[in-house]
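A, B, C and D label the chains in the order they appear, each numbered from 1.
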Amino acid sequence: MDMKGDFMGKPLLSVKNLSIEYEGASERTLAVDDVSFSLNRGECLGIIGESGSGKTSIAMAIMGILPSSAHVKGSIMYDDVNIQCLSEGERNMYRWGEIAVVFQNSLDVLNPVLTVHEQIYECIIEHTSLYKGEADRRVENLLELVGLDPQVSEHYPHHLSGGMRQKVLIAMALSCNPKILIVDEPTSSLDPWAKDEIIHLLKELQRQNNFAMIVISHEIHIISQLADRLQVMYSGCIMERGYTEDILQTPMHSYTRGFINSSPYINPYKDLWGIPSEAYSSSIRKGCPFYNRCYQRLELCSEKKPELSYVATEREIACNRGGIITILEAQDIDKTYEFNGNEILACKGCNIHIRSGETVVLMGESGSGKTTLATIISGVLEADSGQVQFLGKRVEGNNFTSQMGGIQIVFQDPFSSINEFLTVEEAIVEPLTITGIVEKDSRRHMVKLALKDVQLPYDDGFLARRCYTLSGGQRQRVALARSLIMQPKLLIADEVCSMLDPSTQANILRLLKGLQNAKGFSMLYITHDVAIAQKIADRLYVMHEGSISEENLLDIR
Amino acid sequence: MSNLGKFAIVIIIVIIVLGILSPLISRHPHNLPSGSALESPSWEHWLGTDDLGIDIWAQICHGARASTFVGAGTALLAGVGGSIVGMLSGYLGGDSDRIIMRISDMAMALPDMPTTIILGAFFGPSLKNIIIAISLYSWVAPARLVRSKVLAIKEENYMKAAKSYGANFWHMTKVHFLPQVLPLIAVSMIRLFSKAVVVEAGLSFLGLGDPTSKSWGVILHHAINFKGIYFTEYWKWWLVSPVFIMMSFTTSLAIISRELERLWNGKIEWI
Amino acid sequence: MNRDRTKMLLGYLLTFLIIITLNFFIPRLMPGDPFTSLSSEEGDITVIYSEEQIERYKRYYGMDRPIAEQYIGYLKNLLKGNLGYSIYYNQEVVSILKNRVPWTVAIVICSLIISSFLGTILGSISAWFRNSKLDKILYISMVFISEVPAFLMGILLLFFMAGRWGLFPLSGGMSMFTQYSTKCEVILDILHHAILPVMTLSIAKLGEFYLISRSSMLSVMSKDYMKTARGKGLKSRRILFRHGLKNSILPVITRIFLSLGSIFGQAVLIENIFNYPGIGTLMRQGVMVRDYVLIQGIFLFVAITVLTMNFIADLIYKKLDSRVR
Amino acid sequence: MKSKGIKKFSMFFALTFVMTTLVGCAQTTYKPEFSDGLVINLSGGDWGYPSPYTHYSRGPGMFKMRLIFDSLLERGEEGLIPWLAKDYDISNDGKVYTFVLNQGVKWHDGKDLTAEDVKFSFEYFIEHTPVVDDLTIGDETFIESIDVVDDYTIKITVKCPNATILSRLGATRIIPKHIWEGIDDPKKFTEKEATVGCGPYILKEYNKEQGAYRFEAFEEYWGPKPKVDSIQFIPVSDNILAFNKGEIDITGITADLLSKYEGDDEYAIMQNPAFWGYKLMFNMDRREELKDKNIRYAIAHSIDVQELIDKVARGAAVPGSSGYLPVDHIWYNQNVRRYDYNIDRARELLKGKDLELNLVISNSEEELRIGELLKISLAKSGIELDVKSVDMKTRDAMVKSGDYELALIGHGGWGGDPDMLRRTYATGAIPGYSNEEIDKLADLQLMELDEDKRREVVFELQERIGGELPLIPLYNTTGYIVYRPGKYNGWMYMFDHHEVTHSKLSYLEER
């Protein structure tokens, strides 16, 4: 939507500290937890989130048609009248007269025993002063407006197809020229062609009648075509709010990024990965709702509920850590090699940053300085100038590769990354023995866990096998296990698959991506293969003769 | 189970206990006159005596046995019988279903009064025949109920799956039909139980009941047909006590059947 | 499709034939015959016929012919629409029914309308204010009322409304031997006599309709279109009656037709209590004096009505199902 | 708001509104006001179109018919009194009866009644037997010939003399020849002319469904002028309620309610004669033991008749006489054998043998209670009684076909012609029982034309029956009736009937 424009004057609708609790038979569930937002004239606000995140409850709260078991707190100001404390009679004037809803399309949404005409006609009669004749004509042209043949008005709801029913709902909603139109899951039950049709219809209608619109959906590609501003909700709280393109471009909240990643439409080439584990039904709990699925959570997150606060212009995030944190920041890295007399500039002023839980791919022809930059980042190699920050602290030497939750690197050649004379156990346990972080007796157990993660046998027989008896793929997995045993926050994989045959390559890649999704560490993947990059990368850096630039994933063919 | 339901269950239990322990708790015999005729309630006779001088309290307690016997008999015969027929007709479908449906139409169209007289005349008006007579035309309700439930279950996919594995009728009944149909049967049996008690009272009112059975209906019958009872004050204890106990019994049964229905959230639409 | 329909019609025809046969044999299975009576009710007189007289009457009414022949005769007459000549009442059964049926049908139809209308309204209101105090009170009282046997309610009403307070006439269908000035006065008098029987039958059926309408309205209220209606800001009365009732009334309607069979049974009791000139008193009298011809006629009428009502109920139920599902 | 819903709603509202107005107009009950003079309202019920052929065999239909049709003789308070026939004489061989008719007797349609009508009536009744008072013994009529002597005398000769013939001839109704001539199927003759008679009352209205009749006095009635101008039978649900509210003028009441009316002089109470009663019948074919008199005596002694009277008849009854004719019968003989309630005597008679019998009763309220009490009292003397109650017709069929051991039967007509002793006790009447002595006496009384001689024979027959006790008359009911003397005070009984409203003389002036 390009119509950004500036929304002068006070907002048409402003919701303040809205909380909705449903009183079930045994316990009370908190559907909406202290949500505030506002809607200006002519604007279209998108509310997106998984099912059960409270988006429909908000819509029903605005209309005041929550079931009797719901307790609503907070205020809903419409034209600075708090419609929440109006009497039913007064509230009725707002319903459909001022605010209308296109309900979620289901078999029962229209009354099966009344004709379409009658169900639209009764709204007009109720809320406008039109007489019978005018009202009938109004119904006819409403149906034409939404692209339906007026004959449809004599039909009964179950004679209509899904798409037609959706249009009837829209026509019914617009019957009294509402100032605000709330659209609940307009396209979820339709086929792709009907989806497009409905979206264009809604856009066209908003353009003509200039009503404000709230679109509720869980299909991000639909809502992004309609909404100017987007509001991401998760189990009753707003996680992120801002302009639609900005959020799609750079989601700042880890839930939003996860949500976007799981939509094939946004980046058609990437593998599909859902957000791990389930959102447990949130009865009264403190702390951040996303706590149990967030990978950059702290102890604080489980205590303090994050407030929605601005992190950029027109962008708010509800995260105690200010949204997705940058794990690693490398600024103006220069590195030159002396090589039989002539200087080779490996890195010229390279800037790179990796955010938590991201997969950043570093691509470039061989000799473009990829491995140099990677080793500098891991601290193994000293940069000429510029500095590398990991979690805000300078990277010096092996200070982060030698601690748990630090940086680990997996090298390209499996045969050289493991000393083949060691047993599998010794190879993997080496970092623990060196750093001595973990006591002796539990090391063997951690080795077994690491082997299990990398899908290798972890019985005693295999532990005692010498590495030289292993294949390239197995060695690479052992190397991976060795680095994973340190539970790194950032894993640097330097061309790990190029030496392997395609099927092992695919398995390792899937393994890597799977582990990343499960454990939540960030990954810097170095490759020269474009296809793999598109498959797994969240962001892409391309290096060419030492200089680095960030590219857009879609158009690097 | 709401407290209303609990209260209803308590009443049922009290009445049944009354029936079982009737010889112990009532001082006077229920069939021999133990006082002068039509005494008003006193310490000697808690609920007074009827026109033959038999203690009404003893009759009520003993009557509980007869009425519960009629109720239970009908509930079992009509309830279980009707359900089996319903299940068969629902499962078999096609012609046999149509035949059974027509038979049920006939049962509904069957005039109840003469059939009871015939049964009474041929086999003697014992409680057993009253049970048969009532069951004859009340088995239709559970039958139709179960049939429609079975028809609905047959449409489910897991039934098609079971059939594809070659499940026979017994397997289907044991695994799929029974668990879902049992609640229906239970509720309709409770309904039949209370309906039987009321119909037995109605039959006794028309003089078709079994007079030697001393059920509540018979007590009521003697009280109502006592000439000019409303102009004396006998009705205050002779008529009121059977009416009261019958009403509390049948109402509690009705409440329990409603509670069970809600508990199994099966919305039973009486067809 | 029509093969199925012919099968259905065949089914109903066969049922009807069986019912006719049952109607013929049930009265004759009852011990005793219309003429032998050695006793009478207390204070009553009965003419005791001699053996010869009984034979003569049997010949007169054609009862001496073998049973099969009588049955064929009965079927032939039936086809010609002649229901025979009543032994006890000395009148064509058709004309007896013509005079008595309207009375019963009137009170049955009236009470069905009243009880279904009132039951539906109360049920809907009770469902609308679900779990409120009103709903609880209504629910318990209706469950109680639906359990009170009709004849008890009848006696209660007779003695209090008619006896003690004299609000209504004591019995009969209309007051006898009075000079009516206008036509409407006759109707008013008939209605005045009909109120108590209708009230008793309505109360007997009210509980049932209330409970059905309540549970059906409860399920309707959980549907989405009710939320749509509330969303449209319509007045709650309109939502309840226009949107809710139109859906919840359908099971009640099928119930009306199905309960016709049972209501005839109750009508027999009620008419005996109020001495109301319907076929209830006729049926009891006919059975008591073993008037075979009359019994056949009455049960045929009852069977036909019950069958047609079931047939209509099935049709409505199919129509109702297909549209709502 | 012009949608369809509102219209429908208002229609329903109108219906309920009509109902409520009806309750409002409840106060104006409809008093019959158009008939002048004395109007008597009696408890109605449909007992058939009151013609001799169409009134029902059960219930008071016959007495309504008798209000319209007169007969040669009428039953007065002590015995038969001359009516249409001024006087009559019987030939000494008892075979020729001559009746002299009153002059100037008019039919309701104004025509004169002549001997021709009487002759026609008898012939018609011979050809088509009426519901009651037929003229047959066994299969054919006992009348030899009927001859018209002159316009006002008629001579009837019978096949063989019989004491009951006079009352049967006297009771035969006289029907107009000019109307009934052409009728060959009297049972279907229910037009208006069917109820044209020469009796004191004309049938004005008859409503079969409601069970209501209306009779009006016949002005040119030949006999004693009718005191009551119009008699109305109206449908009643509960007699006592109706009587209290003044809707009917006389009703039967139980002993318990006597106290309500006794003291008050607005009401007058009369006690009906005991002509209705219960009897216990033995089937000596089915159970041989019953043939032994001692067993029957034992059973009689173990029945506490007084308890039955107190508890079932509420005191309104008299113990049955073992000679069968009840206490109020004109030829009742009190020195018949008494069987008092004496359990030891009963055990003695049974000689320690205990007996199992089953008793069949009907399902009327009284019989159920009698059955229960008999079971209790007989058990005391070792007789185990299994009581089975069925509906009335079933019980009658079982008694007729002899499919019973003991049977309890209640019926009326105990005040009738003593010839009923022959019909009840002669051989063949009681299954498995015959006694020549009783048969001889029974036939003798039938043939004996002389009143006094017949009386002795009947007395001796009663003593014989009392001694034999082939069946046990339990008790005869003497119901109370209450009426308002202010309204009408002419109620009186016929000599052999227990219902005042059935006797024609109640409505006529004294002769």
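Assume a contact is a pair of C-beta atoms (placed from the backbone, for glycine too) under 8 Å apart; a residue touches a chain by one contact, two chains touch by 3 or more.
A quick note: this is a predicted structure, and the numbers were derived from the prediction, not measured.
**Q** Through how few touching steps can chain A be joined to chain B?
**A** The fewest touching-chain steps linking chain A to chain B number 2.
**Q** As a test of whether you follow the contact definition, which chain pair has the most C-beta contact pairs?
**A** Max contact pairs: C-D.
**Q** Can you work out the whole-Å distance between the CA centroids of chain B and chain D?
**A** Each chain reduced to its C-alpha mean, chain B and chain D end up 42 Å apart.
**Q** Roughly how far is chain C from chain D, centre to centre by C-alpha average, rounded to an integer in Å?
**A** Between these chains, centre-to-centre, one finds 36 Å.
**Q** Between chain A and chain C, what is the gap in Å from one C-alpha centre to the other?
**A** 68
**Q** Which integer distance in Å separates the CA centroid of chain A from that of chain D?
**A** 102
**Q** What positions in chain D touch 2 or more of the other chains?
**A** Expected reply: 3, 238, 241, 364, 390-391, 394.
**Q** What positions in chain A touch 2 or more of the other chains?
**A** Residues 122 of chain A touch two or more partner chains.
**Q** Mind pulling the chain C residues that touch 2 or more other chains?
**A** Correct list: 30-31, 159, 163, 238, 242.
**Q** Which stretch or stretches of chain B touch chain D in the complex?
**A** 31-33, 37, 51-53, 117, 120-121, 124-125, 207-208, 210-212, 221-222, 225-228, 230-232, 234
**Q** Quick check on the complex: what are the chain D residues that touch chain B?
**A** Touching chain B from chain D are residues 238, 240-241, 253-254, 256-257, 260, 310-312, 314, 363-365, 368-369, 371-373, 376, 387-391, 394.
**Q** What residues on chain B touch chain C, complex-wise?
**A** 4, 95, 98-99, 101-103, 105-106, 108-115, 117-118, 121-122, 194, 198, 201-202, 205-206, 220, 224, 230, 243, 247, 250-251, 254-255, 258, 267, 269-271
**Q** Using the touch definition up top, name the residues of chain A that touch chain C in the complex.
**A** Of all residues in chain A, those touching chain C are 60, 63, 65, 88, 91-97, 101, 103-104, 106, 108-114, 122-123, 126-127, 156, 158, 172.
**Q** Residue numbers of chain C touching chain B in their complex, please.
**A** 7-8, 11-12, 14-15, 18-19, 22, 26-27, 29-31, 140, 143-144, 146-152, 155, 159, 163, 211-212, 215-216, 219, 251, 254-255, 258, 261, 265, 268-269, 272, 283-284, 287, 295, 298-299, 302-303, 306-307, 310, 317
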